[in-house]
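Labels for the chains are A, B and C, by order of writing; each one numbers its residues from 1.
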């Protein structure tokens, strides 16, 4: 046993998979300690805020102390954030179409360029060569340019009791606030989703649920598969015939279809995460049954089993002590694969809209479903779905890797 | 003395394990097989006899590696040849092999005739398929194999039939040396007899010019081969004519091996069957001195420190029987002393 | 020949048995669920229908289809009778189109997409797997983890990645639908070109996934075969490596054929979800529509069609396998 464990952990592939999955599990356990609270809390009003650090504008202007920093590139950056190089090219295209010669345009010199734009641009002019989309884009750029060259201070005013505004402070271009002085700063590494939830927090919670679904589904499938496989392989005869008939039947009738039919029939209301896990487990035991049976058949007539039979040991005892230890490695491998396919099945079901009911807990599949439903992929909100895809792939990759490693330990022929 | 078909000189090969350890499974082995003769190699399982069979092919693939020594087939030294040349010019034509587990030796999805075509075309790409078919048919007929086997797949043949088919395929190019590694061990008695008869026929008809027959079943060797080599822990320990080796072994290991079997011939009924106690040494670090010393009941102090090489009887006891001149053994104790101990033991055994 | 006939008869019988059971399950599963699914589904379906007359019609249709009050066996009789006439009921969501009509327009898209994709993925995957087993060393060290990663990816993950990278960021290919939205299906050059360009992304996402899965299977199979006794024996007979590699490839390939028959159901399931990502007008998208619209007849019909497709595919593969593996014949002789 000790030797086997040493071999298993000596396999590079198993170790790599094991390390990845351990890291994921550790994150699931540790992250909520640092960031407690309801993962489904809707903190953002609006959809798909991009990843980054969110600093309270209110707290910033009300900061206790302003610092004056004279940074040489501050102005250029300010303009740059409003006027991207791509915008400049579009503007130049318009200007050239409007008859300005290219030599007269200096795209780099912001002042003269913007001045030229204001002198020339007329929203009512239309060129045949331009698409509507381009015209709209130019229009947006023009609006954004408003006030770009103004170098005026911002006046903060407070509303008096009589409703009049009184200047309370002035924020100059060179005023800075230390982030440490701002009371409310929220780092959202993966932004928010369509409901305004913190994607990272939600994803870690979802990952936990999905792993649990996978484990439950895998445990059910392995238990059914193991029981049927043991009985069918050891008892043989009519029991074997019946079990194998059913198994073969469910091998060819696609499990995915059964999953859809059952999940749909159960209905949205009854479909909690455990129910989904159980349904997945109930529809995916066939492979385990087949492989366990094959193993048991090859063991059935070994000497030690016959000896046990002659000694009058009970069926259960023979199965538990003379058969099970020999197929344990296969069962573990089958279980790992079942967990993996359980997680994928949940994700696919959810993508179809047949996942767990949505109000209570997030799952990886549901996150995908909502991201797709709100067309995050078309709107460029990669943070809402891509990390989820990567996470699912990582889980599946690490489990498969562990399985391949085990396979090589227990099937010496596959070794290098 | 006939022409030497196969001469092996100080051949050493090793396995390199997964943990990069060297295991010398064939350790400075030398012997000669003459034209028309057959030689048997005997020993317990794990003694290196099957590795010797693989090593004699002159073609190595991991984990087996060539270390040193010469393999000379009909005057041509193949041990220095490039592996691709060995494959095209030597394997199948000069030296052929019958594997231990013939059950799986044939590609299950290829018809026998197709496979024979592959074998012949690998050596002579210009042969026409018609010629090959005729050759195969004729050969099968002579060897009493039904010709329709040629159009079957291996899965359609019984075990004995498959083994005989493998033998026919191995010798289809009339090799100079045939190496048979336990060709009949897995078969029932009837099939075994057919296989042995077939091998004898092939020797008689000249399809093979010499043979090395490897087995752990000693009585078989007595029936099939002219002389016998006994191997222990990667080394040869005794060689001689089959009859001498079976009825008058000298090396304590050979003696132990022969005592553990029944030979259906003269004067065996009065011998008690005894097994050799202990297990062969681990070849990763073989013991110094005589490798058998730990299990040998005649071992003396010197045995564990002093390594002996194969010694010819003629050199040890010049006045002995001339027919025993070519026998050789690897033991510190002189021949006559060993024989005396054996005689004493037998008397003791009879009187008790 | 006798062995083959026995094999085919067996497979044909098995095909019909599984078909019958699949139909029974398709009929029974929704009716065995707790509560009154019929009422539930009908209510849900009707809540979306504004036109009172239409609602009544759907309700009647539905009541007739289910025969709610009758015993199960009578319901089953009606079900089979309708099935034999090709009548799968009327869609709730796309009223008044019949389910048969909806499905027959999407089935070609699904077959046209999945059949070539699975076959191409299977061939390329097997080739790469065999290559990895033969070369081992560096190529294997790279290919195995990549295959594991890609093969383990859900089909929709690959679909989204391709869609965003190739379709949206690089703008190389259209991302959605089976053809440009402003075209009407016809045999014009423009339409065919549009179908072709919309085909690539869904096709690639299915192909890549199946390459990964197949390559892993083929690799283990080939390594297993490379260690077989016949390989050693063939080498000792002087047969060239190229020939031996062909033996190994062929022998490792054969179990992969039956493997395909067994795994085709899973592959189709994954591919159906990929269809949704690309809004491909196939069965996958119809199932999605059916689920979001609580369109029971549509889902029931679509799952039945998919089952029949998968069963037929495995049956055909089994038949082909019978022709190419001589071991099948021998096994039937025993």
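The criterion applied here is as follows: contacts are C-beta pairs under 8 Å (C-beta built on N, C-alpha and C of every residue); 3 or more make two chains touch, one makes a residue touch a chain.
Values in this document were obtained by computation on a predicted structure and should not be read as measured data.
Touch-path distance (fewest steps) from subunit B to subunit C is 1.
Taking the mean of each chain's C-alpha atoms, the chain whose centre lies closest to the overall C-alpha mean is C. Subunit C has its Cα centroid 56 Å from the Cα centroid of subunit B. Averaged C-alpha coordinates put the centre of subunit A at 26 Å from the centre of subunit C. Mean C-alpha position of subunit A lies 64 Å from that of subunit B.
If you check the complex, the residues on subunit A that touch subunit C are 248-249, 251-262, 264-267, 270, 340, 344, 347-348, 351-354, 368, 372, 377-378, 380, 382, 385-386, 389, 392-393, 396-397, 399-401, 404, 407, 413-414, 416. Note for the complex: subunit B touches subunit C at residues 57, 59, 61, 87-88, 90-93, 96-97, 99, 101, 103-111, 118-119, 122-123, 153, 155-156, 166, 169-170.
Contact residues of subunit C toward subunit B in the complex are 228-230, 232-240, 243, 247, 250-251, 254, 325-327, 329-330, 333. Note for the complex: subunit C touches subunit A at residues 14, 17-18, 21-22, 25-26, 29-30, 32-35, 37, 40, 136, 144-145, 148-149, 151-157, 160-161, 163-164, 168, 175, 216, 220, 223-224, 227, 262, 265-266, 268-270, 272-273, 276-277, 287-288, 291-292, 296, 299-300, 303, 306-307, 310-311, 314.
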